[in-house]
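Next up: some structures, all given as structure tokens.
Both of the next two complexes hold subunit A, though its partner changes from subunit B to subunit C.
Up next is the complex of A and B:
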């Protein structure tokens, strides 16, 4: 009986990636979970009474359920994600379809759409603040030139929320458009030729060929844009500082403020991060499962 | 012969490397700054110190003020704090790691400094830092617009009530076509000026009990919102995120609530109108708010004696005087004499602001120095905005701020 040889080479090749994943993802995640079981500050020293940590079990998680500040930020994050993700997918796919054509000047058009995704979210926030500002914004200046009243783009709760969504879509669409173009290029032209011979119109070609064959790319865009939407922080902080009031304060901002501006609240902020982590994990699993079921 | 030469060379090289390693003592300084000339000043003084102390170098790492606390706590948590740091307050988490300068310079080290600031840095006999400068919150006025409108600015001794002040800036706005009557820095520290001007305070005289659920505090929250509702202050500043400094610098605002640290920037950047500072308006009490920056060292430093010595050097009478003069700040020492800022406009503004500070009530300095304050500012800002956006009444906002103060006091002092 011959002994089955286990190949070592593949494991050696993936070892660095696994090591990095363990060191920078798994270990900090576990550390975060551990911290969430304590009442503690940023610095812990058991020999200094004011800096001691205290084990509180699941108390921080109980506290979350009745904390209106956390629940509001969490609800707003979900609403933001529910609006932003489908919008990004529709806009970026539309642009990809439009700019996939080999027409004159398409390269420049693609570069212009892609350009915002190369800029730091902080710069984007500052630029849009200059555009949308009530008293000093360029957009309101142009409105007044046409005798239209200035609009409270960043002062009114609802409009500030919408402004953040629009700017987020603008900032990310180019990146996802490029991914969609990559996906579209993998679909053989012969499928479309056959469909045309059979008399399929543009919509029938899109719904019968493009969408089904683009499913893996769509899933990738769905997962990445959902993660991005949940993580939104820098852009919003610069654009609205979470305001007016807390109208655009999302989960990551809430976690940051909890950890760094309140005493002994790092454990509680860690509990919020753990919830955030599990929501993201569940969403990713659900999305992958859904795509698997569809492809069977 | 060749072998001997080779051995001697290796020996000299090893000794040289060893000696170099022994002689070089590098200290790191974590610094934030508003004006690039401050960095130049620090580097110049660090170089002077290195010249007089061969083998010692001060490496300066810079940080944005908004990131200072986060960065510092991360460095301390990672057992890698800087040797020297410029601060505006000492949070309770950091305090145990701060070097007690009295061990190096004696209990009277802070005696030559302004008493209010010196007291804030003296925690039960432990000297936690040396003051660099003093700041005063205050009203900056566009003097050109006042002159154009023919509206008089009262003397600093007489000052004006808020009613008189708001009437005056409205008149100026109307007569000159300025866009904004009053702009106000979006910080709870600047808002607190109005709290003290209403006779309110954050804490009682012991500093261990909240005094925020008071009629004066509620009135301050309500009165501040009134100034927005009546159109004196544009809502886009506090409710949106527009910059009051830009509005004033552009010459479109009649008055600006900010402070003494803006003097140099105004002098460097405002060329098309004349400005002046104060007098601050008042409701019941004339007040500015004390602010200060100071330099501290960490007890974890490899060279605590050098760090303490550098702080003494950097805040000496001569250097403090130079610092105040070149950065146009109010000197933190009382023995520097009158500083000649070399510019009449700047000197007048700084003198006016220093006067406002001198006549301010005690809580305008002691409350700000309370170690708990770092945990309270964010809640103050949120609740002031909540009153402006009508999501809370002044009473509800005062109760929320009061609760945060009580909670923080309980956590920090264990009561």
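Up next is the complex of A and C:
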């Protein structure tokens, strides 16, 4: 091989994608960090320039620590994550174990469980809003068939919070089940055969073979579902609109409302986004570290 | 012993059926309800199946709700954005998979790192940036920015790495230039990965809410998810129209899902990524 100069072709091939990333990820990301150091006028959707921009250093970040609105939204998001993530993991792994078996018709069941992952969160929100209605909702009708009182699912604070959690789990289970099935398929059957010959029962097989060998998949599901939970927003906009009151208003909604409905708070909203970003960054680093440990 | 096994098998079946119903019924209920007239829709207690099957909700949704326009908008945005996604991901995938060049690994890691900046996080600065570019309220604003997807590039790169280098060398010896190698060799050999990305991209864009929500303000430029969400936001929700339009909006994804079911299962277990 002769010494070649730097090739041009690969740069041309990657250029369009890189250009879009630069213009629409790198620039806004830097803009976000920058704005978080300023106070700036309310964003107007029309072409009116923002009122005034003043450098305030870390003031926006200091404000965060004592802002009950932000802290409540943040706390709610964490609570939501702490409940949703373990539930998703348990439910989707259970369904993966149930639906990977070669029973007749199981493929159809698998497709039905996966189907919600194909639909927009907006549609899912509409469907469940229709189901959870107080007087005309089908769920309350089913409850009355079992002589249980109608529940104000989307009207009462606690029940609305629970509804958002349950619907989120319902919406994501199929996707994570498929990831788990992929992981389960990588475990050789011979391991289970050997265990059976040694007289291991189903539970021993699960805890001794399945769980340890599934660890990389479990980690992936853990991180992805945590990131998804932190970003919860779209589903909520149609299901509860953050209500009743602000019972189901999470981090992303708070940031959005801050920037678009309050004067002089673009920088403040940007500061919230930066905090949000660092949470995501930590999660990604954790995933990277853990998956590296796996491969060692 | 044998009867116990039969019982367990039966119980498993029952559980599988219950699970399938829990996951399938909600959307089915939307579809069934869409065919009910106003009086039946709010019957208390409700009746499961419509007594008078009617298409009124569909007619009024498409006509008065302006949904014909929204469906056209959604189709336009979905198709153009998917075409762009497929082209630039295939190109970038090839660049990263089959060349050695200074900065390659750093750039690739950089591309994958953009996954962390999902729109939810950079929504506010994204709005400011798009406004600066003059892209607010334009279709370009919702077509171009999400067209570059790290998932797509990753998928194509992984696939192309499995194409033997000898094939490329042979083509070069036969005098093919880079452009010919790409279009005549790489693209045909990457059809499985390209199809997977096409299907995924179509569904992502068709379902997309956040981009149009941020960018589109003009009623005439709304896409279907944005229009549906707006419908819900109104003071008195017109459920009949809403359910009918929701039903229509899931038809494209349903068809794609029925045809390409295996691609989804495969695509997800291959990348484990979404969005």
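The working rule: the second predicted complex is superposed on the first by the 239 of 296 C-alpha atoms of A that agree within 3 Å, B and C clash if a C-alpha of one lies under 4 Å from a C-alpha of the other, contacts with A are read in each partner's own complex, and residues count from 1 in each chain.
Following the convention adopted for this analysis, contacts are C-beta pairs under 8 Å (C-beta built on N, C-alpha and C of every residue); 3 or more make two chains touch, one makes a residue touch a chain.
Since the structure is predicted, the reported quantities are computational estimates derived from the model, not experimental observations.
**Q** Answer with first, second, both or neither: which of subunit B and subunit C does A:241 touch in the superposed model?
**A** A:241: touches subunit B and subunit C.
**Q** After the superposition on A, what does A:25 contact: first (subunit B), second (subunit C), both or neither?
**A** Only subunit C; A:25 stays clear of subunit B.
**Q** Looking at the overlay, does A:284 come into contact with subunit B only (first), subunit C only (second), both, or neither?
**A** Once the two structures are laid over each other on A, A:284 reaches subunit C alone.
**Q** Identify the partner contact of A:136: answer first if only subunit B is touched, second if only subunit C is, both if each is, neither if none is.
**A** both
**Q** Regarding the shared-chain residue A:270, is it in contact with subunit B (first), subunit C (second), both, or neither?
**A** It touches subunit C, and subunit B stays clear.
**Q** Who does A:261 touch here: subunit B (first), subunit C (second), both, or neither?
**A** In the superposition, A:261 contacts subunit B only.
**Q** Output check: A:154 vs subunit B and subunit C. Expected answer is one of first, second, both, neither. What do you get?
**A** A:154 contacts subunit B only, not subunit C.
**Q** Does the superposition put A:128 against subunit B (first), subunit C (second), both, or neither?
**A** Once the two structures are laid over each other on A, A:128 reaches subunit C alone.
**Q** Spot which of subunit B and subunit C makes contact with more residues of subunit A, would you?
**A** Comparing subunit B with subunit C, the partner touching more subunit A residues is C.
**Q** Can you give me the overlap between the subunit B contact set and the subunit C contact set on subunit A?
**A** 43, 45, 129, 135-136, 241
**Q** Where on subunit C is subunit A touching in the complex?
**A** So the residues of subunit C touching subunit A come out as 9, 12-13, 15-17, 19-20, 22-24, 26-27, 29-30, 33, 41-46, 87-89, 91-92, 94-96, 99, 101-102, 104, 107, 110-111, 114-118, 120-129, 131, 133, 136, 144-145, 147-148, 153, 178, 182, 203, 206-210, 217, 225, 228-229, 232-233, 239, 242-243, 246, 249-250, 253-254, 257, 261, 264-265, 268-269, 272, 274.
**Q** Mind pulling up the subunit A residues that touch subunit C in the complex?
**A** Residues 6-7, 9-14, 16-18, 20-21, 23-25, 27-29, 31-32, 35, 43, 45, 47, 95, 98-99, 101, 103, 105-106, 108-116, 118-131, 135-136, 138, 141, 144, 170, 173-175, 178-179, 181-182, 185, 220, 224, 231, 233-234, 237-238, 241, 252, 255-256, 259, 266, 269-270, 273, 276-277, 280-281, 284.
**Q** Going by the contact rule at the top, pick out the subunit A residues touching subunit B in the complex.
**A** 41-45, 48-51, 129, 133-136, 152, 154-155, 157, 239-241, 243-246, 257, 260-264
**Q** Any idea which subunit B residues touch subunit A in the complex?
**A** Listed in rising order, the residues are 69-70, 73-74, 76-77, 92-94, 96, 179-180, 234-236, 239-243, 246-247, 374-375, 377-378, 382, 385-386, 389, 391, 407-408, 411-412, 414.
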